[in-house]
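In what comes next, subunit A is part of two complexes: it sits with subunit B in the first one and with subunit C in the second one.
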Partner chain A sequence: MSTRRTALLLLADGRFPAGAHAHSGGAEAAVRAGRIDGPATLAAFCRGRLHTTGLVAAALAAAACAGCDPYALDAAADARTPTPALRDTARKLGRQLLRAARATWPAPELHAVAATRPRGLHQPVVLGLTARAAGLTPHDVAQAAAYDTVSSPATAAVRLLSLDPFDATAVLAGLADAMDAVAAQATAAAEAVLATGSTDHLPAASAPLLDITAQQHAAWPVRLFAS
Partner chain B sequence: MHLDHPETFPHRHTWSSAAPTLPDGTRRALRIGLGGPVGSGKTATVAALCRALRDRLSIAVVTNDIYTREDADFLLRNAVLPPERIAAVETGACPHTAIRDDISANLEAVEELEERTGPLDLVLVESGGDNLTATFSTGLVDAQVFVIDVAAGDDIPRKGGPGVTTADLLVVNKTDLAPYVGSDLDGMARDAKAQRGDLPVAFTSLRGEDGVRPVADWVLERLAAWTAGRPVRAAAV
Partner chain C sequence: MTGVTAHARVTAAPDGSLPLLRGDGPFALRRTRAAGPWSQVTVVGAMSAPLGGDRLRLTAEALPGAALRVTSAAATIALPGRDGDGATYDTALTVGADASLWWLPEPVVSAARSDLRMTTRVDVADTARLVYREEQILGRAGEEPGRLVARLVLRIGGVVALDQELAYGPGVPGYDGGAVLGGHRAVGQLLVADPAFADKPPEAALLGGTAVVTPLAASAALVTAVAADGLALRRLLTAGAEHLGVVA
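Moving on to the complex of A and B:
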């Protein structure tokens, strides 16, 4: 871990103004389908998301932070995101994060991404670039990405189910070791990408049900969350 | 590698509404927020403003529905503006977060409208119905209107709260209903004066002929100040 712990806290804070509050990380669809109905099923959902989408996001973020080509990473993220709705969401959140990052930790490479890719890069790639601008390490941002993967559905479940917030927070605490393990695995993958120059070393774990329900959710006429 | 690029690129995105000019150097549209409790007439006010001003101004609207596209659809159904001039932002069950604490989605919507439809004079940002503490970030809008109505209780101005107390314009809507719900308009005006000092209050009945006129006139005054490069907020004049 880097010595810049406060910058990491700032970036990982759910109140960081980058648009995440409007997204449930698939929890809204899972609640509607009855797959999340309390703390135990929330924990199972979060664990599944962490080891699939979370691992990929953490590795993308760590690789971007390490200095790998963000545009190649963005293409790799597309290849690992089969659902158009989730690609759109990832780029939208990437644009919103980039806006906050450029104001918070101004850096030429952030401004360059905004200018060359006005439609945005996948959020984990921008997260990695942001961490780089903030002086954080690849392992730091892998942890932030892993945490982000599970904190979004947990927060959303509190709003969607009126779940006891203490229970939801306890679910996150219970996943701490798993998040640390995913962050370590993602950091190792990012080091391999940096050493070889090939994004093939990025993990490609997928959660088909999250992909399918995200596409369905995007067509709901009435919903609380954007994704 | 595209890192540390030596060129200086033109910035597509402003970080906030603090910058009054677009990347091409032209002055961006004036941004006015409309907030207030559920059912007070925010969407009806936006629709009436569009009808009153659309022939002389280039206008766009951003809506922030709580869980549907109801408000955006209302504006589309009533054809107050062409569809490409209306954008809906989703707020994850927290309308005040999207207009105050994390404004990134709204800023993006405003900028996309401005890019999509060409030069705009005015962008109206309508909040989802919320409580008396909901106010807009100064990073999102240049001035804000808080809309309440007489039927929700004539004690709202007395209760105050950031919306009633600090909004650049307080609109008290549905005055035509006052006799039927026993609301005291003079008392509301006195309470509003006590809470707001010299900040203006408009009493409206949108059912009447040209009922939105007081709000439309206020918007035009703000726009004149904006265009002339003078302070937009009434308190700063």
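Moving on to the complex of A and C:
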């Protein structure tokens, strides 16, 4: 754990101006399909997302923060994201985060990414680079990425279902140990990537329903959230 | 440790011959009659496998210019072993330049208390074509599923195009929630690699509520489906194959 605790709070804050509030992390489609209808199903959804997408995102972020090649990580993220709607969302969020990061923690590395990849990199890779610019550790950013994976759907569920915010927060608190475990697992994977130079050590845990429903959701004519 | 260690191998040549066709342990390999211009091999189960503790390997190669279709005679049932060990099942597929491989086995069924780790690595040349199907059924009729971790890695021209790992069953957190399987008892993928996709990627398509066809970032496409049972799953994957213009 780094000593720069305030920088970590700033980066993990849902109010950090990187556009994440417009995304539900698949919750809007799951609510429509009846797969999230209250605190218990929200918890099951979040637990599944955390151990799949969340683990992969946390490992990508930790590896980028550790100094692994961001372009190789971006290609590895593509290979782990078979759904074009989710690749587009990840790059869009990556561009928005990069803008906010360059203003908040200006660093040559961030400016270089913006210049070489105007279409953006996957958001977790940018998150890792941002954490690096902010002086945080790979484990810090893995923690932030894991938290983000479940806080998006939990916050969205409050709006979509008029769920009691106390219940949604209790769901997040109930996942605290799992988030810590995922962050530790992701950090270990990032260390292996750094040591070997091979992105094959990144986890590749997949969530079929998230992949399927993201593409459906992108085709909805009217929706509350962008993803 | 108990269990069977086996490595079965098949190699197809462009003249339609099978220079290597070697079954082992639970895998009997039979050349079967092909309905088209390819060599066809059917994997026949010679004993119940994988059981816990088994270490199984299956290697297939279509040499440059060859066309090979591999099917299986029956579903593969993962069963628990006597002393609680997990089983492994590693498949390595290589498709050479201008070669074609159709890999179309019957489903894997995770029987209650089984514990199987499947790893499939597919290496496809830039000019090769692949149709690969995998189907997993969570438990035999009315039983709880065993545990399965299945990783699928596709490389095209040496570059990773797809890397996916699906895990479900006892001890896998959240697998039955609305993000992963949501109570569905069958899950599968159909992966198609075709050099023609480089210029003209297939369009994404929705196949009912629980399946999609998606173009990958590389010149390949994936059908992802979940369903209530194996029959419904097969229908979705077959519809996906039709959308992609391939026979599965």
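The criterion applied here is as follows: the second predicted complex is superposed on the first by the 227 of 227 C-alpha atoms of A that agree within 3 Å, B and C clash if a C-alpha of one lies under 4 Å from a C-alpha of the other, contacts with A are read in each partner's own complex, and residues count from 1 in each chain.
Just so it is clear, contacts are C-beta pairs under 8 Å (C-beta built on N, C-alpha and C of every residue); 3 or more make two chains touch, one makes a residue touch a chain.
Because the structure is predicted, anything quoted here is derived from the model rather than measured.
Q: May I ask you to decide whether A:L163 touches subunit B, subunit C, both, or neither, giving the answer as first, second, both or neither?
A: Neither partner.
Q: Once the structures are superposed on A, label A:A12 by its partner contacts, choosing first (subunit B), second (subunit C), both or neither.
A: Once the two structures are laid over each other on A, A:A12 reaches no partner at all.
Q: With the two structures laid over each other on chain A, which partner does A:V126 touch: subunit B (first), subunit C (second), both, or neither?
A: In the superposition, A:V126 touches no partner, neither subunit B nor subunit C.
Q: Counting only touches as set out at the top, which of subunit B and subunit C does A:A219 meet: first, second, both, neither?
A: second
Q: Answer with first, second, both or neither: which of subunit B and subunit C does A:P208 touch in the superposed model?
A: In the superposed model, A:P208 contacts subunit C only, not subunit B.
Q: Is A:T41 touching anything from subunit B or subunit C once the two structures are fitted on A? First, second, both or neither.
A: Second partner only.
Q: May I ask you to decide whether A:A30 touches subunit B, subunit C, both, or neither, giving the answer as first, second, both or neither?
A: A:A30: touches subunit C, not subunit B.
Q: Counting contacts the way the document defines them, which residues of subunit A are shared by the two interfaces, the one with subunit B and the one with subunit C?
A: In subunit A, no position sits in both the subunit B and subunit C interfaces.
Q: Touching residues of subunit C toward subunit A in the complex: what are they?
A: By the definition above, subunit C touches subunit A via 151, 153, 159-167, 172-182, 184, 187, 204, 206, 209-212, 214-218, 222, 224-226.
Q: Per the contact definition, I'd like the list of subunit B residues that touch subunit A in the complex.
A: Subunit B reaches subunit A through residues 1-5, 7, 9-13, 15-16, 66-69, 89-94, 97-98, 101-105, 107-108.
Q: Using the touch rule from the top, collect the residues of subunit A that touch subunit C in their complex.
A: On the subunit A side, the touching residues are 26, 30, 33, 35-36, 41, 43-53, 75-76, 78-85, 87, 178, 199-200, 202-212, 215-216, 219.
Q: Could you please specify the touching residues of subunit A with respect to subunit B in the complex?
A: Its residues touching subunit B are 15, 17-24, 67, 69-71, 92, 95-100, 102-103, 108-109, 111-116, 118, 156, 159-160, 221-226.
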